[in-house]
Every structure is written in structure tokens, then in C-alpha cells.
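Next, two complexes with chain A in common: one pairs it with chain B, the other with chain C.
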Partner chain A sequence: MARIIVVTSGKGGVGKTTSAAAIATGLALRGNKTVVIDFDVGLRNLDLIMGCERRVVYDLVNVIQGEAGLNQAMIRDKRSDNLYILPASQTRDKDALTLEGVEQVLEKLSEDFDYIVCDSPAGIERGAQLAMYFADEAIVVTNPEVSSVRDSDRILGLLASKTRRAEQAQDPVIERLLITRYDPNRVDSGDMLNLEDIQEILAIKLIGLIPESEAVLRASNSGVPVTHDQDSDAGQAYSDTVARLLGDEKPLRFHQLQKKSFLSRIFGGGRR
Partner chain B sequence: MKLLEFLKRERKKSASVAKERLQIIVAHQRGQRGQPDYMPMLERELLEVIRRYVEVEQDAINISLDSEDDCSVLELNVTLPNRD
Partner chain C sequence: MSLKVDQTATAFTFKGGMLPMTVMELASSDPERISAQLAGKLSQSPAFFQHTPVVLSVEKLDDTSLALERLCAVCRSHKLLPVAVRGGSEGIKQSAWALGLGWFPPQESRESRTLASVTPPPSPSSVAQDVGHGGRIFRGTVRSGQQISAAEGDLVVVGAVNAGAEVLAAGSIHVYGPLRGRALAGIHGDRDCGIFCHELHAELLSVAGNYKRLEDIDPSLLDTTVQVRLRDDQLSIEALV
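Coming up: the complex of A and B.
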């Protein structure tokens, strides 16, 4: 029986796909058989972030409409045997997904996998609701910025009402906060919401904090999820996040201002 | 004196402004959670009816639905203008 995790946010551009790819990769690297599904029908991008865009033959919509089998559509990750990608369709419109179709696909995958990571599209429409409907757990990706925090709260409202767990009065979907693009320098100068404030406003448990990092763009440029870049702050922060998902205790990192050393202050080393 | 006061006054940091604004808007959003879908429409129509008789502002009406156990209470709060 797989655990279904939706990566969602409401607002676009906050790092959902980056996070879904990084977390799925991290789960696989820890030995869990994992599949990551792109629910953004019409605007697929997970394949690019995972670096498998040229190997896409069939997609989620083909599977749901019976034009291809699951095994034909799933792409095995080049770097990890435990990891599979199920891409979204690039051409069809969002109505191509049906609740019953998604349920069947997830049930089938549940037999073989430990974790199913659903990469939600932006917005609160049908596509986003389908991505979250069957979830056991939700990772709400939030930037330290007013519109992102507000939209995250809207998503929390949907998770509490428009999911199978809510509709069937089961245990609620576990909600976790993932703060991305956090810049301790700007927090320190008072121009960015700090993590305590965001947690206080949204009132859900923090699962991870990803600092604003050059490594993220580098990773997407090369199509290698940032979790593989263990020299980078973001890569390590995603590994910590995955460890917490798996129940490990990990202290928070990268949220405090790095005091500049005397020498780097004189010579102006590093970026600002 | 004025200059000294001006220099002493700390500029309000934008992050704390953001936090205050968010707390208000999120509280409002949560108030609407779990409400039936017809509530906004009901609110609009009630306001229309009231405005046929009394001249009230667009935001002078406050409507909420509270459920406790097996009974629900629809609360309607209308601020009427001062009588001249």
C-alpha cells in the first residue's frame, strides 16, 4: 500500500515541481520505490526538471483513456532504479482527467510502490483538486510572500473539504508546510516574512525550509533534481525534508543569517 | 525637536506589515470555510432587500452560519446609518 503525497500550493511559480522532483528523488535515494506523477495536463514540466523529456512516449491521459498501459507510460529514472516518472499530457485539455481514471491509476500504482508523489498544477481548479483528492499527506509549498501565503491558506481549506479523506470522514489529510526561496538576509533586515510568522499564520507543521539558492536553477537547467547536488544548501535542505517525511528528527538548517567573517567582509567575498 | 523625533521614529518594517495584513485576510478566509456555496449569493440578495427600505453601505452587512451539534444558526448583522 503506497503513501500518496500531493505537492501543492495554489500559487504558481513557488517551486512545486522543483520540490516534487527533489522529494521524490530523495525518497528513492533512501530506498523507497517511488513514482512521481505530473498532474499539470497541458503544461507538463516535471519531465524537464527530471531530465527525461526526450523519453516521453505516453502520458497519464493516454493511460486513463486506455491508449497505453501504465508500464508503457512510466519512465524509469536514469539515476535511481527506485524512481519512476509518469508525465502529463502536453496536448490535451484539463478535462481529459477523470476522477475514476485517476483513482484507477493510483490504485494500480499502490500495489507496486511505497510512495506516490503527485505534482499539482497551480490554481484551485479541477486539475489541482484531482491531484489532491486521493492524498494521504499534503506538502504545501509556500514562499515568504503575501500572495503565496494567502493562496496556501486557500489550499488548506480545500484539503480540509474537497478530498476523499474529508468527504468520507476519514482521518484528515496530513498537512505539512514547506517554505521555499527563504532568504535569511532579507528576513534579518525586516523585509521578508520569517518562518515563525508564516507558521503562525498558516498554523501547520513545518516539514522543511529551502533557502533561496543558485543550485535550484542550476539543477533545472541540467535536468538533475537538486537533491543529487549534496554540496548545495538546497540539496541538503531537501534531503532533510525527506528525512523528516520518513520520521527522522532533523534540526532546521539554513534559516539563520550567516555571519560574514572578518576577511570576507574586507574582501567582499561571496554574493549578497 | 521635530527633527529628533523624526530620526528616532523607526520605519515600520515591511515584513511586519505583511504579517498584519495576512492575519486579517486569512482570518476572513477561514471564516468562510465550510460555508455552503450559496452564502455569498444569500448575502447579496439580503443586502438588496434591506437597501429597498434603508440606505445602508455595501459592507454594512455581516452574515455568518454557525453549526453546533444538530442545530445551525444563521446570524445576520446589519449596521444601520445614524438617524439625522
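Coming up: the complex of A and C.
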């Protein structure tokens, strides 16, 4: 049986798709057979981040509506044999997804895979609720700003009531917090919420902290998940996150202000 | 105005009534389909759709995907006025209440309730006695968008009430944690109850309809442990030591 992990946030633009791609890649690199599903029907992005947009033939909606088989729609990642992508449809909308259809797809995938990562659309409507409904675990992506924290709080409320686990009174969905775009400099100057404040409000376990990094945009635009860029702080932070997801203990990194060395202050050495 | 005057001249009396009501028995939870069908009916008999009150019956639905708020909007846009919901899960009941709608139990179990509602409403003195019974304890974080209520008695929250969340009680509200959302005590008019919290940062505080917004709260009281109660029709917030 596969573990079903939903990557969700409520608010848009906080890094759900980037995180879903990076975490799925990290899980696959550690030897787990992983599939990442784009639930953002109508605003397909995951294929771009994963660099497989030119290989999309069939999509999730085709599979649900019986127009294509799962194996026809899944795309094998170029860089990792363990990783598959199930893209969303760009020409349809979220109403094309049905609860039964999603259940059947996830059940079928569960037979073959260790991890199923669901990349949720933004919002709290049908698309987001379908993405989270069958989840065993949830990674709630939050930026260090008040609106993102409040939306994450809302999503946590839905995870506790609008999922199969909640409705069937099973063990609740395991909720984990992933803070992205964290900039210790701006936290220090008071522009951004700090780690402790976010954790105090959301009151769930922190699974990772991804620093604001140029590497993320570079990775998105080149279609290579940032986990592959192990020279970058963000790439390392995602690897730490995946390690914690798999049960390893990893100390938190990149959350403290780095004192710039004398030379870098003179030469303006930026972070990678 | 003194209290004595209020007690002698009653502003209203409760009476039982049986009014005819249209029940909208839903066979689908898809707002688009409902909207389309309503549009068809509207053209057939426009006279019917004049802000007619309706009860939405969801008994025949698997309501996991039911978007009550959207459904109400669809009804209103066709000049139907949803006033209550019948049947459905605990979640439906809560969201009906959150939308300001009434909730009726499903038809099978309704008989006993109808009898109960025919019995005369309790006199004010027995209402006062009932307060303190019932009540509710909630353990955990009340999150943005969630509404936790105690229709009778006090509500105790062991945890935080986050911004965008709402806690309501017929009696007092006790929050053993930060209160960042809205807290409404004495929702049925009990003026002797209060709000108690460990860390005050509430968006709104209300006791028996008298309220204060976050903006009205003395900043020196923020993030402290306080009690809120009514004094001379004014909401007073005092530090609890």
C-alpha cells in the first residue's frame, strides 16, 4: 500500500508545485517508487516544473473518464527511474474530476507505488478538497506572512473534517508544516513572521524549512526539480525535508541569520 | 433605563406555530444542475419564486461534496429563500448553523422532535436554570473558518482559537490558550456570562450582543489573561491575576 501525501496550502503562489516536485524527486532518489499527480486541472504546471511538458499525451481527466489507461498517461521521469508524473488537463476544469474517479486512480496506483504525492490546486474548493480527500499525510506549505498562515490554518481545519480519514473516523491525516521562502534577513528586520510565531499559530509539527533562494526559480524555469541541485541551499533543505518524512532526524538548517564574512561583505558574495 | 422596566413590559412572547413550508428535496448536490432546473421552473411559474422560504432537504444525498453556501446562493439568485436544512451529517448541521440557517433532523426521527416543539417554550426562569447544564469542551486548535458552539451552557476550549475562527456559547466562553478569533458569549441573551482567556487578541468579543472589536480593546490588555463581562451595558475587560 502506498502512502498518499497531499501538498496543499490554501493560498496560491506559496510553492506547492515546486515542493511537490522537489519532495517527489527526493523520495524517488532515495529509492522509493513514487508518482506525483497534478490536481490543478485547468492550470497545469507540474509538468513544466518536472521538465516533461513536451511528453504529455494523456492526463488525469482522460484516465478518470476512461479515455486512456493509467500507463498511457503516466510519464516516466528522465532523471529517475523510480519517478512518474501524472499530469493534469489544461483544457478542462475541476468539475471534470469525480470523487469515485480519483479513488479508483489512487487505488490502482497504490498497488505499484510506495508514495503518491498529490499536488493540490490553491483554494479550498472542489479541486483542493478532492486532492486532500484520500490523503494519509498532508504537507501544508506556508510562507512567512500573515495571509499565508491564516489560509494554512483554514486548510488544516478542512483536513480535520473533509477527508476520508476524518469522515470514517480513522486515524487523522498526519499534518506537517513546510515553511518556504524563508528569509532570515527579513525575519530579523521584522518584515517576515518568524519560525516560532508560525509554529505557535498553526500548532503542527515542522517537517522542513526552505530558504528563499535563487536556485528555486532557476530550477522551475529549467524544468529540473531543485532537489537535483544539491549545491544549493534550497536543494539541501528539500533533501532534509524528505529525510525527515522518511523518519530520519535532521537538525534544522538555513533558519538563522548567517553572519557575512569580511570578504563576502566586500565582494558582495550572494547565496547560491 | 432600569432593569425593572424591562421585566414588566415584555417586548415579545413566544408562540408555537405551524406554517406551510416548501421542502426542496435534493437529488443532486451539483449546483449547476440545480440552477438549470430552477431556471426552467422559474419560466414556468414565475409567481412561485417571490422570495419563497424553502427548507433544503439533503436526506437523499451523499453529502461529502455538498457545497451548502453555493447552493444557498443559487437558490437566492432564483428568488428562493433557504431558511433551514433537513438531514445530513454533523458537518452539514454545523455549516447550516454557520450560514445562519436552521437545521431539522431527518424525517424518520422527526416525529419525536415535532412533539417536543409543540410543548410550550420554557419560561425565562427555567432557561436560567438550564444554563450551566449541557455545555461543551473542545480540545485542540479552533482553526480559521471553523465555528465551535455550545447551544446550551458554557464552552471550554483547551487550546487556541485562531484568527478567522468563531466560538459561540449560550453561557460563558473559557479559552485556555490564545484567543485570536471571535468569541460570542450569551448568544441567547444571558447577560451574566463572560469570556475568559489566557491570551487576548480577539477579533471580536461579545456578551449578550454587546460587542467590542479588536480596535476598541485597550492595547495594554492585549496578549494578557483577562475576563470580559457586562457592566452597566458596557463590555468591560479586566486583567485576571
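By definition in this document, the second predicted complex is superposed on the first by the 266 of 272 C-alpha atoms of A that agree within 3 Å, B and C clash if a C-alpha of one lies under 4 Å from a C-alpha of the other, contacts with A are read in each partner's own complex, and residues count from 1 in each chain.
Please note the rule applied: contacts are C-beta pairs under 8 Å (C-beta built on N, C-alpha and C of every residue); 3 or more make two chains touch, one makes a residue touch a chain.
Quantities reported herein were computed from a predicted structural model and do not represent experimental measurements.
J.: So in the superposed three-chain picture, is A:Gly31 touching just chain B, just chain C, both, or none of them (first/second/both/neither)?
T.: neither
J.: Just checking: does A:Gly13 make contact with chain B only, chain C only, both, or neither of them? Give me first, second, both or neither.
T.: It touches nothing on chain B or chain C.
J.: Which partner does A:Asp153 contact after superposing on A: first (chain B), second (chain C), both, neither?
T.: A:Asp153 contacts both chain B and chain C.
J.: Taking the superposition on A as described, I'd like to know which of chain B and chain C A:Asp191 touches: first, second, both or neither.
T.: Only chain B; A:Asp191 stays clear of chain C.
J.: Does chain B (first) or chain C (second) touch A:Ile201, or do both, or does neither?
T.: both
J.: Thinking of the overlay built on chain A, is A:Glu167 touched by chain B (first), by chain C (second), by both, or by neither?
T.: In the superposition, A:Glu167 touches chain C alone.
J.: May I ask you to decide whether A:Leu99 touches chain B, chain C, both, or neither, giving the answer as first, second, both or neither?
T.: The answer is second: A:Leu99 touches chain C but not chain B.
J.: Under the contact definition given at the top, report the residues of chain A touching chain B in one complex and chain C in the other.
T.: The overlap between the chain B and chain C interfaces on chain A comprises residues 150, 153-154, 157, 160-161, 201-202.
J.: Quick one: in the complex, what on chain A touches chain B?
T.: Contacts found on chain A: 145-146, 149-150, 153-154, 157, 160-161, 187, 189-194, 197, 201-202.
J.: Considering the complex alone, what residue numbers of chain A touch chain C?
T.: Those in contact with chain C are residues 95, 99, 124-126, 129, 133, 150-151, 153-154, 156-158, 160-162, 167, 201-203.
J.: So in the complex, the part of chain C that touches chain A is made up of which residues?
T.: Listed in rising order, the residues are 32, 64-65, 67, 89, 91, 141, 143-146, 159-160, 162-165, 180.
J.: Within the complex, which stretch of chain B touches chain A?
T.: The contact residues of chain B facing chain A are 13-16, 18-19, 21-23, 25-26, 29-30, 33-34.
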